[in-house]
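Comments concern the structure below.
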């Protein structure tokens, strides 16, 4: 596989390009409406806001590409932030141990999701719906219904602060660096043997098993990564805006939407992690666009729904068309003995 | 109609949620001195009309009090719910209350209707306290509870029937919204810009707050940039404010509830802009931030101590003592003048605690509110 | 002679610009059983699907009772009395027999589905066909393959069919169950229904069919009465050349070495008393009827459905193989019989598929080892646009090469090939045979499962015959007399003592 | 002729999934009854029974519809929004006038049907995955609701409240209607062609298409019926609330109805299951709620328990292995590869014909 720029460009062009086009169009409109948004500071503010969803989308990508769903991430983000506030309670020195504990917790939730889905054969939509309920209830039970405690300044640095006094842009948000590192990590992970096996498992788990893959483990690892990244998202979102009772609510659907907008196919086996990240950016950009256009708050869900359906339908139809042209322009094979679907 | 908080009159010129008469009355009630001791604001009443409850008198104490709660899904309700439980403990100790039976509808109106029905069907509730989830939708169920002959107490959000023995609430949403809006009008130059942050549409207590504020802004020379729904989510609030700041200056912020006020202020910090004139709520996170930054601010109050009143009212009713048919509690905003006092009184409380929770004299204080 | 019921004339069909039927003619008379034979990929199924309304012909005409017809949809063909039992099963496992039989045309009474009538009619159909003991209310999932086959035929019959085409109906049947099918067809004949019968089993052709049409490479060879033909005639018509010459000879230097794989007393719920040994450099062929347990044996060796009793040794050491992963660790590879559902991740690239085993089992060295993939693919003469092409766009033969590459890259000690040439054409087949020879020469132990007897005979050093989950015989290929080889094997496979094939 | 199939009946699975669902319900009733009795209360009092049945009605309507789409291997995440919208359409159309009850009901169900139609068309014609399609359509409806109905609106006629509040003997009318609708649904699946075709489409679309079933139409009809069932739930909401309310969309009926369907033994990937089981699933959830309520379980613990019980129940169903290829050799299970329920019964069946 080529790692060159041209490699990536051709990947963007050859993968389903809908999301990249959509993203570009949205940004173009936003810039046109408000040139101020193109200023580095505004863009960095946007990145801080978008970063948690990007992490969630990466995690969700792993799960979806393996053929499953993770509905528990919204609850998990909420639970993580609330637990962090409860345990840290303003005590700076508790920051690091609590963050480690959070990651451990996220990993455990992911493991449970994965093992219940693969070993107990519970459909992942039900498994993760169950964990969503459990986390939601357990956290509120633990805190009596509303978050207590508060986050430390150090905890909030990742989501709120950055490297200051950078020429041209002023502040380089930690969130941006984290997203970049995780994003690059995800790209490499998907090129690693594990990543290749994951996508093969999502495509055809029987073939993968017969090739020696431990399907249960590969999928469980995907859920675990999702739990891990949801923890990261929790740290960023808690850092960005502090603790509120609603934090995380509904983010699972936004994350799934983002991934699907990125052309990743529900059911597994297809999609590029970079496109999933672009999907998350697109969703956030869409919210920004609505704001810039002063679309009334109440109308926004409708517009969001329409755009999602349109984009996914376009991609589905486009994919069918591509499949046809690829076959038709395919140089006449020497052996044409078997049906192509 | 003496039900203050109901939004059933949809014909007014100002929009669905504005009722001039209620607006006028609530604004006036702010200046009325309530009856009763100022040390126990939860027992005070504004312009009460006393009703006789002798018919409900029950011998021997040990009453079964049933409480149908809409939910404990936000910090305001969590704080109040603790206060209520502490009050119950006191009265259980004294033998006035026996069993305290609770169902929580988790914000599901239909569930709450079932919960109320279950209390009625069980037949052994001596009184039913209801904190309705939604005014209009709970009306039939509350009516049915009244019809069963058990004394019914409604508090916080109202219902469209006055069948309850008493309806307990602070002055109301118009007064709350007006407190903040008037403060902005008074503290900002004409032509200043104001952004309104609202939680979600369609909840009457919240709609009334905005309806009053809008009324006042319309009569002022402030420029309202717009209103946005945030679901009370900090990240959404911060993002929205940040975006408004990218487009221009925001001089004042009005909120229909204080959840997330701090996130709004942080948006100004992170954008390097001067703080706005701020309307928050008596949530400690906001009060502390206010103190720390020295901003010009006000904290309207939707008296959280009202959660004690229904329990006390229940005991009164079962003792045959008279209660106000509409029990309007005082509702005074926290201003610069008493900020320090409330910060001090709540020094050890968590940040999502409400300053005017009114439980300082209860035996569980302060632990019950601290480690919930 | 009666007027033909069905005539197909000049039927042409191309897929993606490749012509697979070159103007085929076919006539079927009322009440006759008409065989359609030919090699894999000759176009039999395609012709049947055109008749069934699944595909439309590019050129040519179909007439039924002298009337030209053109079916746009299987339902239309069925309404006209043309029913088909497809090669792939076409039933809903979670529905009952009756519900399957009447799917899409449930009988109604006053607007409501008349379930009672549906069951009664199904029962009557079963009785008409002389089938007893099969409940119309049984769920298809709970039926044996043979019973499912009966349901398919009943479903075809329920359309008041006048002609039923059956595409390899015995492909999934064991010996005893084939007899049941014989009775069914006999019965259909009595009822005046014409049957178009596709099978690779020549014995059945001679047992059942009145006439036979031979296709080769999509063209009609000829149609003749079975009574006028011998097996040799038929084979010559189908293959057009001597079978033996078709298989490449053993490569020089191929030597039988030590025993690489040994099974003693292997058994599980599907297999019993399996004793087997394969030596380095040896090709052991596995013959048997469909369902005789060859695939189960492969699955047992490969840890998919492991042996529960007995002992397996690889290179003299006891091997505990409980999962495909462990099998791979022992150096065993399996080319599965069903490429699409078990062998390939169709949406992934050629390169990704080819290195799947490496990625899954040897992640540490995968990157290095995968460097061999391009060379391997080109030595297999893979035809593709590039190695990043998705395998679903490849032809079957090329897909099979990708599967082979996936295993070869781990340099296995034992290679199990389950129907490695199924559905691939003559040229590709030859390439696969050559490759097998090369692997043997390199010292691999090879287990070659095939339903094509000629393949087993032509390639194997030793032939193991299976029947109903047990090994019913072992033959030394070198000592088999060429002219009676097939009979000998068939006798072992069916359990009949007489030389079965004519 | 002596086919191998004299055993076909003997080999049939010992218990149907629906039976297992009702056994689970029975088990939960028993355990719940005992736990409640231990606290000195009784679960089987009239009041609790009524409570249980009332609670089941609303979810019941929605889950019945959800069953149909899931049988077709689709999904409907827009049901909550449909409930909200139809409650509003009913209440605003009726506007307190008893004469307008039929009109209001027709309007509410009509609007619901239109949304179902849109769902169906987006899924079949635009080929958008049902998860995204119905989530998107739900968002569109939400936008409409938030924009046009800031709060409860309309008023139902007092007579219409009977639907939500009347009891016939100890039975709530709404529960009777719900069970009747379930009956109608069961009848529909058994006695209409479209019903039969839903199983076929969900089981294997290609087989269905090859057999002449109009697959797209079937999926669309399922979506319409699902939305109409949600519309009926909206009517129940309107009658109980006395008005229409947009906020009910937040009450989580979408995922809860899917959980009820799966708890009822319907296969999430279509083709297997039915409304009878769903009804059992709904009763299980309602029983849990009532038990929790009688025991005054903390509302948040309720969520935890609900989550755990749903996962556990589905895991138990999943363990019930599907009958597969019959065993040829029964004796060879000395170290059983993985003991699974049903193994023993199957191992006993030795296929004849060997040796």
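As written, the chain order gives the labels A, B, C and D, with residue 1 at the start of each chain.
The criterion applied here is as follows: contacts are C-beta pairs under 8 Å (C-beta built on N, C-alpha and C of every residue); 3 or more make two chains touch, one makes a residue touch a chain.
Quick caveat: nothing in here was measured; it's all calculated off a predicted structure.
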Going from chain B to chain C via touching chains takes a minimum number of steps equal to 2
Considering A-B alongside C-D, which chain pair is linked by more C-beta pairs in contact? C-D
Nearest whole angstrom, what separates the Cα centre of chain C from the Cα centre of chain D? 42
Per the C-alpha means, the centres of chain A and chain B lie apart by a whole-Å value of 38
Centroid spacing, where centroids are CA-atom means, of chain A and chain D in whole angstrom: 31
Please compute the C-alpha centroid of chain A, do the same for chain C, then give the distance between them in whole Å. 44
Expected list for chain B, residues touching two or more other chains, is 72, 201, 229
Can you list every residue of chain A that touches 2 or more other chains, as numbers and ranges? 145, 297-298
Give me the residues of chain D that touch two or more other chains. 146, 299
Give the pairs of chains that touch; include all such pairs. A-B, A-C, A-D, B-D, C-D
Show me the residue ranges of chain C that touch chain A in the complex, using the header's touch definition. 15-18, 20, 40-41, 302, 304, 323-325, 327-329, 334, 336, 341-348, 352-353, 355-363, 366-367, 383, 385, 392-399, 406, 423-425, 427-428
Listed in rising order, the residues of chain A that touch chain C in the complex are 192-194, 196-197, 199-200, 203-204, 206-214, 269-270, 326-328, 330-341
Per the touch rule, the chain D residues reaching chain B in their complex are 46-48, 50-51, 54-55, 58, 146, 149-153, 161, 164-165, 237, 240-243, 245-248, 250-251, 293, 296, 299
Can you tell me which positions in chain B touch chain A when the two form their complex? 72-75, 77-79, 81-82, 201, 226-229, 231-235, 237-240, 242-243, 246-247, 259-260, 262-263, 266, 270-271, 285, 350-352, 371-372
Could you list, by residue number, the parts of chain A that touch chain D in their complex? 69, 71, 116, 120-123, 125-127, 129-134, 136-141, 145, 253, 256-257, 260, 265-267, 296-306, 308-309, 312-313, 316-317, 320
